[in-house]
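Shared chain: chain A. Partners: chain B in the first complex, chain C in the second.
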Partner chain A sequence: MSKPVVATTSLAGCFGCHMSLLDIDERILDLIELVEFNKSPIDDIKVFTKQCDIGLIEGGCCNSENVEVLRAFRKQCKILVSLGECAIMGGLPALRNGIPIKECIDEAYLNGPTVSENTEKILPNDDELPMLLDKVYPCHEVVKIDYYLPGCPPRADLIWNALIALVTGDEMELPYEVVKFD
Partner chain B sequence: MSEKIKFTIDGKECYAEPGQTILEAALDNGVYIPSLCYLKDVIPAGSCRICNVKVAGRFMTACTTPVAMGMEVENDIPELNELRVSIIEMLFVSGNHFCPACEKSGNCELQALAYKYTMMVPRYPYLFPEKKPDSGNKKLFIDRNRCILCKRCIRAVKDEQGRSLFAFKNRGNELAISLDHELAENISDELAEEAMEICPVGSILKKEKGFQQPIGHRKFDKQAIGSDIKSVIK
Partner chain C sequence: MRNTVQKIVQKAGNDRGRLMDILLEIQAELGYVSGEVTDQLAEELGISRVDVEQTLSFYHFFRQEPRGEYTVYLNNSLVANMMGRVEVAAAFEKEAGCKFGSVTEDGRIGLFETADIGMNDQEPAALINGKVFTNLTPLVVRELVSGMRNGKKVEDMIRNYGDGKNGSDLVRAMVHNNIKQKGSVLFSAYSPGEGLTKALQMSPEKVISEVKDSYLRGRGGAGFPTGLKWEFCRRANKEVSYVFCNADEGEPGTFKERVLLTEYPHLIFEGMAISGYAIGAKHGVLYLRNEYDYLKAYLESVLEEMHEKKLLGDRILDTEEFGFDIRIQMGAGAYVCGEESALLESSEGKRGEPRNRPPFPVEKGYMDHPTIINNAETLCNVVKILKNGSEWYTMLGSQESAGTKLISVSGDCKYPGVYEVEWGIRVKDILDLAGASNIQAVQVGGPSAECIGPADFNRTISFEDLPTGGSFIIIGNKRDLIGDVVTNFLDFFIEESCGSCTVCRTMPTILKNKIAKILTGHGVQQDLEDLQDWGSKMKMANRCGLGQTAANPVLSTLKNFREKYEGLIRKDVDFDSGFDLASAVVDSCEHVGRTPNL
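Our next item is the complex of A and B:
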């Protein structure tokens, strides 16, 4: 039987969730025996080369590219998992949700205390750049998400237990210490 | 000594003093009934509804209902726990709870209840409401994004003359906690500290205090809320 295929991505996240995945330490050796990785920053495969079983999504959706990538993951993966606070509820990027987008951009590129070089008052306007969304959206408000692993980042044991449960089909172990929101 | 009132919680025999509420009596008998707005020795508000129990098929808040002789209280049953989780989820989506950046994280009772019930995600859509914090006081910072409107501060944070430092303003959706800036102008460090303790969440903060205990050493990192209430055999 071929191994289950895992894909991962970081949308509006900080890569902390991916770091936490690496925090499973030497169990990573067991993991690569159990599963095969496809599109993921971990193996640097940039495009899907096959249908995947499990997609791990770090980060919420703050721009049009995030939405596109998330939709592609939904198409390519049988099971999608929101990994971490940002995927689940927008996380720290969503702190901007109460502030009009124009104000955010002006603060970042014109008025912020660290802005010094932008004398021509240029705002990012290249067609290549993804459009910012009005708000940062939790992933499950954009596509259907099957499972949620909270934490900032989710504890390595939580990610490990979830992957093992998904691969074996056994019920997931959820000790009190591993489900935390920070 | 007055006669004790005999009653049961989930079939366990318990005894209450006359006039005691179900919640207080439960604690005395070593039974944990989850709550958020309840504070020991303070007039109950019955506002959060987490302590809802079932008596004779009806829901009632354990913090406001006095025990009656022979009462059969249902507490730790799936139906009630499901309702409690639902309230907790609503509290999470109706505020702005960014736990990773919150001073109260690890010591927060709302978060601790979510942990107790293994809440992985609220079932309701996040509202991201606009709430204005108040940083006008020298010692206190009020972050309304996290306020769950439990009225603990209104009932328990008072000056030497018994005047409340906090009050509600507005109505309905706009209801918000507000600090009386005149009364609180010269608030002592102790009272400011106490106010932060009294708030179950991270809405009342003492300025320049926060993130003092490392992750792993905070109140609810390893121990579930209520797990210190041990069953007593009487």
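Our next item is the complex of A and C:
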């Protein structure tokens, strides 16, 4: 039997969730015995090369590219998992929700205390750039998400237990320590 | 300015517990409470700036910036909408030349919205500088705004006074009582002192047992046995204890306290004195919602009169042993302050945040002293029970609900107003009395209680069947039950949550977004299940009754009007996020000057 295929991506996230995945330490060796990685920053495969079984999504959607990637993941993966606070709720980037996007852009490119060079008052508008969304959306408000792993980031053990459960089909281990947050 | 503030603080005895009164008075003098004044207050009261700010920013009617020489607060309740608020609001904006939530450039007129102001029987209504204007129309609005432009006094803009005491010198309000049916307990013959005289002939314990024998239960919504509450408080047996009368009347659709306060204030105050005698308290506080500020001067004159007649004061009815006085504590606009422990916090000058219980107020209430809090209607009943005896009282009403109840009827009917009915009356009979036909639903007990359809109109208003604090909103066939009613109620809870509990703070918004998704044609079966599942968590996840019931508009319509939801959802797919990339990027693309390439 071929190994289950896993893909991962970071949308509007800080890569902390991916770091937490790496935090499974030496178990990563067990993991690559168990699963095969496809599109993911972990193996640096940039485009999907086949249908996948599990997609792990870090971060929510703050721009059109995030939406495109997320939709591609939904198409390519049987199971999608929102990994961490940003994917589940929007997280820190969603602090801009509630502030009109125009104000956010002006703050970033014109008025912010660290803006000094933009004397011509240029707002980035090249067609190559992703378009900013009116607010930051959690993943499930864009596509169907099957599972959620909470935490900022979710603990390595939680990610590990979830992957093992998904791969083996056994019930997931959820000891108190991996889901308590304070 | 510094002197004004100083004087006001001194008048309040430099007491931080009186911060509500201090802020209200400063506002009356200076229009709003500036940052500078906030600093000075902190200094004079010996507290930190945030201590002042947290109270100042909590209440709807406190202002940290100017809100116009004339400040209009237009009611945005469901029934106001039904009666034409949208047109009235548009007329205000057009005539004044500014949007709601802002002040005209010349600083003259400020337009703001506010939750139910207790005028559901005469909507659309607004408060302008504290005065009530009812039955507004676009034409009337034009006159009002022109009056404001010409610097007319607000009291001179009131053309006709309402009936009864509404027309008296100290009230002069255009409010109508709309007493539509009198019953044998509350709206019946009364001369002040009757109940108190009887009470003082008994021992306090006997008064309590008389009230217990009457099976009187609280009229504020929760229905706690009144005699039992008093007994608990008396048992606490402390030197100092307090009686609070809850006249916050914030539940959308209730306005019966407005009528009691206008026509039967003696009855309320006498009820407070009797309860004071029963529990051994010497001080009473009437917590009056800010929306009823127009009654304050009048109520104070009633207190004075009662002092003169020795119904209040050091030696009530010339007895040696019993003295009792009452002060009025104004609220400043917050529904949650009707919750008894929030009411106490507010009366201590703090944010109206409900307390954790236990300890209950009967052990540790106002300033940590044992306190009973009773609804104004409850206290009125007490007087009549003492006068006529508990046996008489228990003859009235239904099996588990003794006595009568004031029902505030509003919405789609011919005769909105207050009806005194015996407990046990069928919903149908109230609808007949009110001249209502073609009815889709009735919201019994306000947004926090239940929305029922015609299949339930044979049910009875009673603690054993449909309990109610008194709100009864009739919703006609033409109304959009989900789009207008449920959404309006959710907006109310979103606005009024004190914010302490995460689930109360966020869930009503989540539910509202889901409903918006359903209304725009993106709902699926799962959404209905989520509404049910998530809504039902509110009961266990929140500290006070507000959060515990805030999902009821959704849960009760899901239960009683399921077909309306089913009719709105997509059956062809099992998932639809409702997300639309094109509309999500419009604003940003427009701002940076590019054409969306989707």
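Everything below uses one rule, namely that the second predicted complex is superposed on the first by the 179 of 182 C-alpha atoms of A that agree within 3 Å, B and C clash if a C-alpha of one lies under 4 Å from a C-alpha of the other, contacts with A are read in each partner's own complex, and residues count from 1 in each chain.
What we mean here is this: a residue touches a chain if its C-beta (ideal position, glycine included) is under 8 Å from a C-beta of that chain, and two chains touch if they have at least 3 such contacts.
Keep in mind that this is a model prediction, so the values were computed, not measured.
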Chain A as common anchor, with chain B and chain C clashing or fitting: clash
Contacts of A:H140 with chain B and chain C, given as first, second, both or neither: both
Chain B versus chain C as contact partner of A:K50, first or second or both or neither: neither
Touched partner set for A:S82, first chain B, second chain C, both or neither: first
Touching partner for A:K102 - first (chain B), second (chain C), both, neither: second
Partner chain(s) touched by A:P150 [first = chain B, second = chain C, both, neither]: first
First, second, both or neither for A:K3, with chain B first and chain C second: neither
Which superposed partner A:L132 touches (first chain B, second chain C, both, neither): second
Residues of chain A contacting chain B in one complex and chain C in the other: 135, 140-141
In the complex with chain A, residue positions of chain C that touch it: 575, 577-579, 581, 583-589, 591-594, 596-598
Interfacial residue positions of chain B with respect to chain A in the complex: 96-102, 105-106, 111, 114-115, 118, 120-121, 125-126, 128-131, 215, 221-222, 224
Complex contact set, residues of chain A against chain C: 64, 67, 100-102, 105, 123-127, 131-135, 137, 140-144
Of chain A, residues touching chain B in the complex: 82, 85, 88-92, 94-95, 97-98, 135, 138, 140-141, 147-150, 152, 174, 176-177, 179-182
